[in-house]
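Shared chain: chain A. Partners: chain B in the first complex, chain C in the second.
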Partner chain A sequence: MASFCSDPSTLSGLSWLLCYLTTGKHVALYWSVGTVLLLLAITAPAALAFGFGGATAARSRFLPLQWLGRGYIAVVRGVPDIAFFLFFVIALDQFFEWARHKVKCPDWDQPIRQGSDFVVCPEAKLPLGNAAQWVHETYGFMLAVLTFAIVFGAFAANVLYGAMRAVPHPQLETAEAYGMSPRQTFWRILVPQMWVYALPGLSNLWMVLIKATPLLFLLGIEDIVYWARELGGAKTARFTDYPHGDWRVWYFLALLIFYLAFTRVSEIVLDRIMGRLTHGQATLAGDAQRKAV
Partner chain B sequence: MSCWETIADYGLRSIGIGERLLPRDNFTLCQQVVLIGSGLIWNIYFGTLALISGFFLATAVALGKASRLKPVQKLSAWFIFVFRGSPLFIQFFFAYFLFLSLKSVSPIFDPFTAAWLGALIVLFLNTAAYSGEIFYGALQSVPRGDLEAADAYGFAGWTKFRRITWPTMLRLAWPAYTNEAIFLFHATTLVYFSGFPAWQQRGDALYYASYFADKTFNPFVPYPILAGYFILLTLIVIGLFGLVNRNLNRHLPQASRARMTFRPTLLR
Partner chain C sequence: MKKLILTTTVLTLAAGAALAGSHSVVRLGTEGAYPPFNFLNDKGEVDGFERELGDELCARAELTCEWVTNDWDSIIPNLVSGNYDVIIAGMSITEEREAVIDFTQNYTQPDPSAFLAAEGSEIDLTGAVIAAQANTIQASYVASSGATLVEFASPDETIAAVRNGEADAVLADKAFLSPIAEESAELDFVGEDVLIGGGVGMGLRESDNDLRDKFDAAIQSMKDDGSLNALIEKWQIGATF
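So, the complex of A and B:
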């Protein structure tokens, strides 16, 4: 914060705006953009891992595993994702506490669900009652990440499942003819080849993931939506040095532009990657590239 | 209190008919099923109206994007980009606060801050953008032979569009459009979590489901009920769209009919 910001009431115009946009709370808003990016950075690989597991399970020859995989993929198709977000955050929290309760307090004799309360022994609480504020926040964030990974893992599983089936079957038959075991065929032939088929779906998924990040707000994280509501609301001179009317519409306009820019940049980058990958492939797009040269 | 009484009390609670107070404790399974089901009325209301109204704008936007007039084309492309490139959640917030500040300018905007109109407008524009892109893609892939045949038969202008281009476009776009419709119904659950207030606790299905989950601190009952309702709704949408699909493809020989995909892609 610049030194001339010490007495905001004397400021006007651009310098007022500059000082206003560098207050502590605004800095928190800028950091929360980092939270969103961090969420994306952790969730994307995690969801891919869940998706890979789901897709592998869905094409397993062991029936219960196959049902599990297919069920996982199928359920998200019919139900709004936001319902999953709201569900998993509570359900995961209760599951963790219940599991810790079973381990840590084996001789606890009261029921866990007492009417409308969920009671576990104090040692099993997550995070512990005396934990610092940042532990609570990190725990909340980890729950959110896990929730995102589970929900988007199902989306990714669908994409990867399709990609695995798109790999030309003769490839697999050839592998078999060469005497590869099913495991070898899977890892050496199927998995390396499926990515080209999966990429359009996965890049679509990335876009959807970006557009789902504001839902963090519903999971109780102090993300950009939280701060935009907080900072944009009307402020009187009593509570702040920078009184202003209801500016929430401007804050959300800024968020809208932020997301549009983010999507646009992703689009350009993904197009480039796709161009790289189709180079030399025996597909329509690959042929078009060859003709263009 | 029997389940029939609960249905009488809460069956239409979401539109303000019946018991005013929501149950506060000792929730029965019946209460949860009935109230969440009553909330579903709003999801169907938003989804159906936005879909029907959005359909026409989507056709216009698709034609606009394919138009040779530069300004029209740019405008349509931007419209699609803005609504497809930003989160629906942020669009709801933005629209709500926009209507809120317009309200102080003129009382005409009063109803816009209520969900039944304000959120409907956002959903209408949003689905128009998504379907517009789908229709645009289909329009680009209308077989040239069809259009040449139309020319040969003397079709031109509006008649050609009405009789040849438009039905073919719809036929090609229909599977993807079905998917969009499913997602639109899912998107309606965001309405009451994004600024638009649920006046007198008249909310949608998710609103009531999260009400129960908050009160009982037990997510394992209300959310599966909600999931059941939505799976049912999704199946109905697929069924209805499948009927239309059959109608659109009725002139084609049996073998070349585009089979309706009952495994819609998950992403919009």
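So, the complex of A and C:
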């Protein structure tokens, strides 16, 4: 922060705005943009991995595995996101703590559920009660990534499952006729060809994932929407050096532009990937590409 | 080298186990959106009456405390599942909450709540549309008074609702509304103040009796030497003890 910001009441115009936009609170807002981007960068591949696992399980010939895959897809897709985020994360956190409690404190004699309280021994707390705030925040962030990955993984699994079935069957038969094992057929013929069918569905998911990040605040992570609301709310002079009226509309306008720009860039990148994946494929677009050359 | 790594690991584990004793760090959960009780200052830190009070109480009880903010709606669930140890968020002591969590003795007097409405408006408070924050004593008061209740997740949104005409008036703690009424010419108090709730206290898990007793004793000592009254006057919270 510039030195002339020490007494904001004397400032006006641009210099006031400059000081206002560099307060600690605003810096927290800028950091939260990074948090959201980092979450997306980790969640997208993780969700894709969950989706790939789910889809592979769902088309497995081994029945229990097939049930597991189909059950995962059906249950997670059916439960509302907000219920999943409120219930599942707390349940997951308590499950981890319960497991650690069983291992670390075998001779603890009090019950874990006391009325509405969930009490494990201090050594089993996750993270430890005395851990630094950043450890708590990182743990919350990892839980958020895991939850997002599981939720979006189920949708991705359904998309990939459909894409695997969309690959022309004669391709697989030909592979078998050449003497490839089922594993070879899967990895060399099916997987490389399925992406072109999966991408439209996956790109939809990516767009929804970008917009779903405000759900983070349910998990105690302060994302950009939280900070926009907190900063935009009317401030009285008693509690801040920068009093202002209700400015939420401006902050939300900035968010709107941010999200629109982000989704537009995503669209451009996805279009390029689509073009590359289509190359040499036996689809209409692939055919068009071949003729254009 | 291997031995070195092993020793370090063992040492770290041992240190971790030693530090992990009961409540070596007490986590204080607050909302950070309800001045003058608690709010985020320009630096983004928790500030306000409860920040000063909480720091002083922790010093007197010889506890290491850490501040965390949490959404009001999920503030009780996160306490009982152990994400923090204490709620210190302008939370009035009520019977419904007593059923789920425990409270220390109150550190503010039962606070008058007031109606804030557009300047010069004539409102029949029993038949009007009244805004209040969800899950507050004010919200249940409005619901039982016969007026139409509109609930909002944050205190700030309740004020915005009155400004843009969505609600005729807002019911909230007078300490929260006073600075807003002073600064905005278009808003003014209407009707009589109402006394609801049993004062504000710290909320703790029902199983956490040791910690509650420590804070209870610390609050008592601040009441006895008058330092609590000084804080209440400084932040203009309301009546002193």
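Quick notes on this structure:
Note that the second predicted complex is superposed on the first by the 281 of 293 C-alpha atoms of A that agree within 3 Å, B and C clash if a C-alpha of one lies under 4 Å from a C-alpha of the other, contacts with A are read in each partner's own complex, and residues count from 1 in each chain.
Note that contacts are C-beta pairs under 8 Å (C-beta built on N, C-alpha and C of every residue); 3 or more make two chains touch, one makes a residue touch a chain.
All values reported here derive from a predicted model rather than from experimental measurement.
Shared-chain residue A:Val135: touches no atom of chain B or chain C. By the touch criterion defined above, A:Leu21 reaches neither chain B nor chain C.
In the superposed model, A:Ala83 lies in contact with chain B only, and not with chain C.
Of the two partner chains placed by the overlay, neither chain B nor chain C lies in contact with A:Leu38.
Of the two partner chains placed by the overlay, chain B and chain C both lie in contact with A:Phe118. In the overlay built on the shared chain, the residue A:Val103 is in contact with neither chain B nor chain C.
In the superposed pair of complexes, A:Asp246 makes contact with chain B and with chain C alike. Within the superposed three-chain model, A:Leu256 lies in touch with chain B and out of touch with chain C [touch as defined at top].
Applying the stated touch rule to the two superposed structures, the overlap between the chain B and chain C interfaces on chain A comprises residues 86, 90, 94, 115-118, 217-218, 229, 246, 248. Those residues of chain A that touch chain B in the shared complex are 75-83, 86-87, 90-91, 94, 113, 115-118, 154-155, 158-159, 201, 204-205, 208, 210-215, 217-218, 225, 228-229, 232, 246, 248-249, 252-253, 255-256, 259-260, 263-264. By the touch criterion stated above, chain A contacts chain C in their complex at residues 23-25, 27-28, 86, 90, 93-94, 97, 114-120, 122-123, 125, 128-131, 133, 136, 217-218, 220, 222, 229-230, 233-234, 236-243, 246, 248. Residues 25, 81-82, 85-91, 93-94, 97-98, 100-101, 185-187, 189-190, 193, 206, 209-210, 213, 215-220, 223, 226-227, 230-231, 234-235, 263-268 of chain B touch chain A in their complex. Only residues 16-17, 19-25, 27, 32-33, 35-36, 39-45, 47-48, 64, 66, 68-71, 74, 77-78, 80-83, 85, 100-101, 154, 156-157, 159-160, 163, 179-180, 182-183, 205-207 of chain C touch chain A when the two sit together in their complex.
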